[in-house]
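Next up: the structures, one after another.
Below, chain A partners chain B and then partners chain C, in two separate complexes.
Up next, the complex of A and B:
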């Protein structure tokens, strides 16, 4: 059996495994973790297309995530538009936003582009706070009941359990993965990479830079918007800081950077590392673990302090990881793994 | 007219503090070509330092500048030596990411220690004002902080123009390689510049703490403001950052009065985008070709 067949076989087995998980796993918490993982993969992968392949470091992806989430939720909340229709309205809105942002920000390079992308996302966040009649302002939008999804008269799913969300999330993650794979192996992807490596050289070779940057942005923004809508429907609540905040942009970007930019599996690796870690912090699992192995007593000052505060600081892990990654493995986990593999190969030869 | 004058004056006063943040950022950029995304978070550390000094030892926030300036200087120097120095030759994106990461570590560590509650530092003069006549009044803490800012800015100008170290810093900013060839210890200048930048940001934090909420996430807004100020003034220009700070202060207070306080930050960001589009070299910057 050759290597690519082996890879395909492993892929199929993993996929089949993921497809049957909800049949055997009943714990809602386990499903919740998987859904978060899928969401993270699709976020990271969306950013990867623009940031990793085309080399345009957007620190404003919250704009697309938030506009997608808000459009779907607003339509469901005030116009009773079912979410699987609202999602496409969100996509349409995001395309418009992305093209406007692209036409402004792509005239700028390097750090100036980064700054402009942040500024645009912040304008979106502040607008969501201030346009209270549309968005409910800082209160956010809460939707408690999602209408059942019907085809004709047949109810496909009523969204009462986490299972439908699991499959939607899985589909979204696979979709973004497939699109990244396609980008990497298509002419479009080669154009992106040429722009990333040397914009002026790419231009002199006849690549229409601003057109391709905008194409990359629109693909990336649409996928991010889908992830945003999915998040909104799944959680049932959006407000400006949770979907439009600067933290959101940074987290989306870090999934990809910690995992490895410009690689197909980087964002997957990044998500596999980040989601369990930050969940463990958020749910106080680490504190409980420390108590269990007897390092910290539960009633002591330190124990109470950790229990009280560690949950709020789950973003700390993102910060520490990104510092370590930049200093010690600038190509991300994926690059580090590849380097190790090639070293082993060399030693073997 | 009184309303106009009132908002103009408070704009200039708060702009002085903004200028201090902007000068720190522009100094770091000038010497190292690194955009410090942790700048607002460094300022936040300065705010908490002031808060600690005030609550534990009863040191007045304005007096505490004398303690926090040197402490923040060493903190900045430490950051430069341990972290920033390693990415000086890396691509700009990695430098940005590193400073974003450092900012996250700072804000979340502070959150771990102090929780995310809003803290208020109430002094006897926090809400006192001076009447100037014509219905215009000046907030005492803002006026004092503006005066301190002016003194610090003047001292910094003297340091950069007249002292040997200051001139070495300016030489490094102008041309790193040439400065090195002239026998300037550029890596030491980088440590000093980052230390100064951090000290200025920390001081700004101390100065606004009597009039502003203190919370771990306060840095983000100020990082963005610092960028707007430095880009407006021209990256690397100290005079530009001073002007930019005051201009942003005035823009904010004018739009709070004449548009609405909710939209004032939007006005600032739109202005920022316009500057980036039409005059990316800023008011005082030389255009780079």
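Up next, the complex of A and C:
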């Protein structure tokens, strides 16, 4: 069996395993974690197409995430539009937003583009806070009941458990993976990477820079918007800070940067690290663990301090992690894995 | 009809004239040498011709078509491609992928592009480097990669900006042979070069620029025996 067949076989086994998970796992918490993981993969992968492949570091992807989430939720809330239609309205809205942003911001290069992308996401967040008639302002939009998904008269799912969300999330993650794979193995991927490596050289080789940057942005934004809509429907609630905040943009970037930019598996690795980590921090699992193994006692000053503060420290720990990755693994986890593999190969030779 | 006509081209940066009133034309299949002391405006002229700067005055005609104001990607599609004095490899891509980016200007199929790229790598004798990362190549091979990548866009006119700069004599000799091979295939070339011996050997005609103006034009023999050129290069006291 050759290497690519082995890879395909492993892929199929993992996929089959993921498909049957809900049959064996009943714990809603475990399913919730998996759904968060899928969401994270699709976010990271969408950013990867623009940031990792085309080298345009957008720190404003919350704009697309939020516009997708808000459009779907607003339509469901005030017009009772079913979410699987609202999702496409979100996509349409995001394409318009992306093209407007792209045509303006892509005149800028490097750090100036980064700043412009932050500004655009902030404009979206402030608009969501202030256009209260449309968005409910800072209160956000709460939708408690999602209409059942019917084909004709047959109810496919009524969204009462986490299982349908699990499959939708899995589909979304696989879709973004497939699109990234397709991008990498097409003319688009070559042109994106040429622009990333040297814009002037790319220009001289017949690449229309702004056209290709905008194509990258639209693909990336549409996928981010799908993730946003999925998030909105799953949580049932959106408000400006949770879907349009700057930390949403940063989070999306970090998945990809820590995992490895411009690689297909980078965002997957990044998600596998970051989702459990942030969950462990948020739920105080680390403090509890330290107490359990007897390192700190629960009522000591240290124990109380950790319990009080560690849950709020996940941003800090993220920050430390980014610094460590940049210092020691500039190409992310994926680059690190590749380096180890090539070193082993060399030693074996 | 000349393949390229430069008509009274000037380029101003603020009050500074980097090129002023430069005119010459090139016939199909020839090699035109472009020489001049540092700061004479050779690279600026390249940038004007290939669309990086619009000329402030004058006209550039390629295949009879007015090129002023066209963007570099369009210029490349129409058949003019340049290499860079300071090489610009796509560092994190492999050598063959670099050349494929050039080939993709003419095809959408990666397979066709790969075949075209391997063909050009053979021309520059770098097939054995196909899977190396471009960023790890030594300077001589980076220069050849530039040429292969430019050739892969299937140009009618190739503009080489100091491809021999920084190379040792053996490497330079290889590039000279490469340029002559390319000429033998019928491709028209414009070459900026500092190495006078090399430029005399390869050029059919030479244009000399000083301080942005065309000093003279002629065959290599005419140019070396021209008193103005000797003055410009060696200073008047040597004359």
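Throughout what follows, the second predicted complex is superposed on the first by the 349 of 349 C-alpha atoms of A that agree within 3 Å, B and C clash if a C-alpha of one lies under 4 Å from a C-alpha of the other, contacts with A are read in each partner's own complex, and residues count from 1 in each chain.
Operating definition for what follows: a residue touches a chain if its C-beta (ideal position, glycine included) is under 8 Å from a C-beta of that chain, and two chains touch if they have at least 3 such contacts.
The model shown is predicted, which means the values in this text are computed figures rather than measured ones.
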Report for A:82: first if it touches chain B alone, second if chain C alone, otherwise both or neither.
neither
For A:277 in the superposed arrangement: first (chain B), second (chain C), both or neither?
neither
State whether A:304 touches chain B only (first), chain C only (second), both chains, or neither.
neither
Please indicate which partner A:200 is in contact with in the superposed arrangement: first for chain B, second for chain C, both, or neither.
second
Go through the superposed model and pick first if A:21 touches only chain B, second if only chain C, both, or neither.
neither
Of the partners chain B and chain C, which touch A:337 in the superposed model: first, second, both, neither?
neither
Taking the superposition as given, does A:30 touch the first partner, chain B, the second, chain C, both, or neither?
neither
Thinking of the overlay built on chain A, is A:112 touched by chain B (first), by chain C (second), by both, or by neither?
first
Scan A:285 for contacts with chain B and chain C and give back first, second, both or neither.
neither
More chain A residues in contact [chain B versus chain C]:
B
Interfacial residue positions of chain A with respect to chain B in the complex:
57, 59, 104, 107-108, 110-112, 114-116, 118-120, 122-123, 126-127, 129-130, 246, 250, 253, 257, 308-310, 312-313, 315-316, 318-323, 326-327, 330
In the complex, go through chain B and note every residue touching chain A.
35, 83, 86-87, 90, 92-94, 96-98, 100-106, 108-109, 111-113, 115-116, 220, 224, 227-228, 231, 260, 262-263, 265-266, 269-270, 272-273, 276-277, 280
Counting only contacts in the complex, chain C reaches chain A at residues 50, 52, 71-74, 76-77, 81-82, 84, 88-93, 97, 100-102, 104-105, 108, 110, 113, 149-150, 153
Note: in the complex, chain A contacts chain C through residues 185-187, 190-191, 193-194, 197-198, 200-209, 262
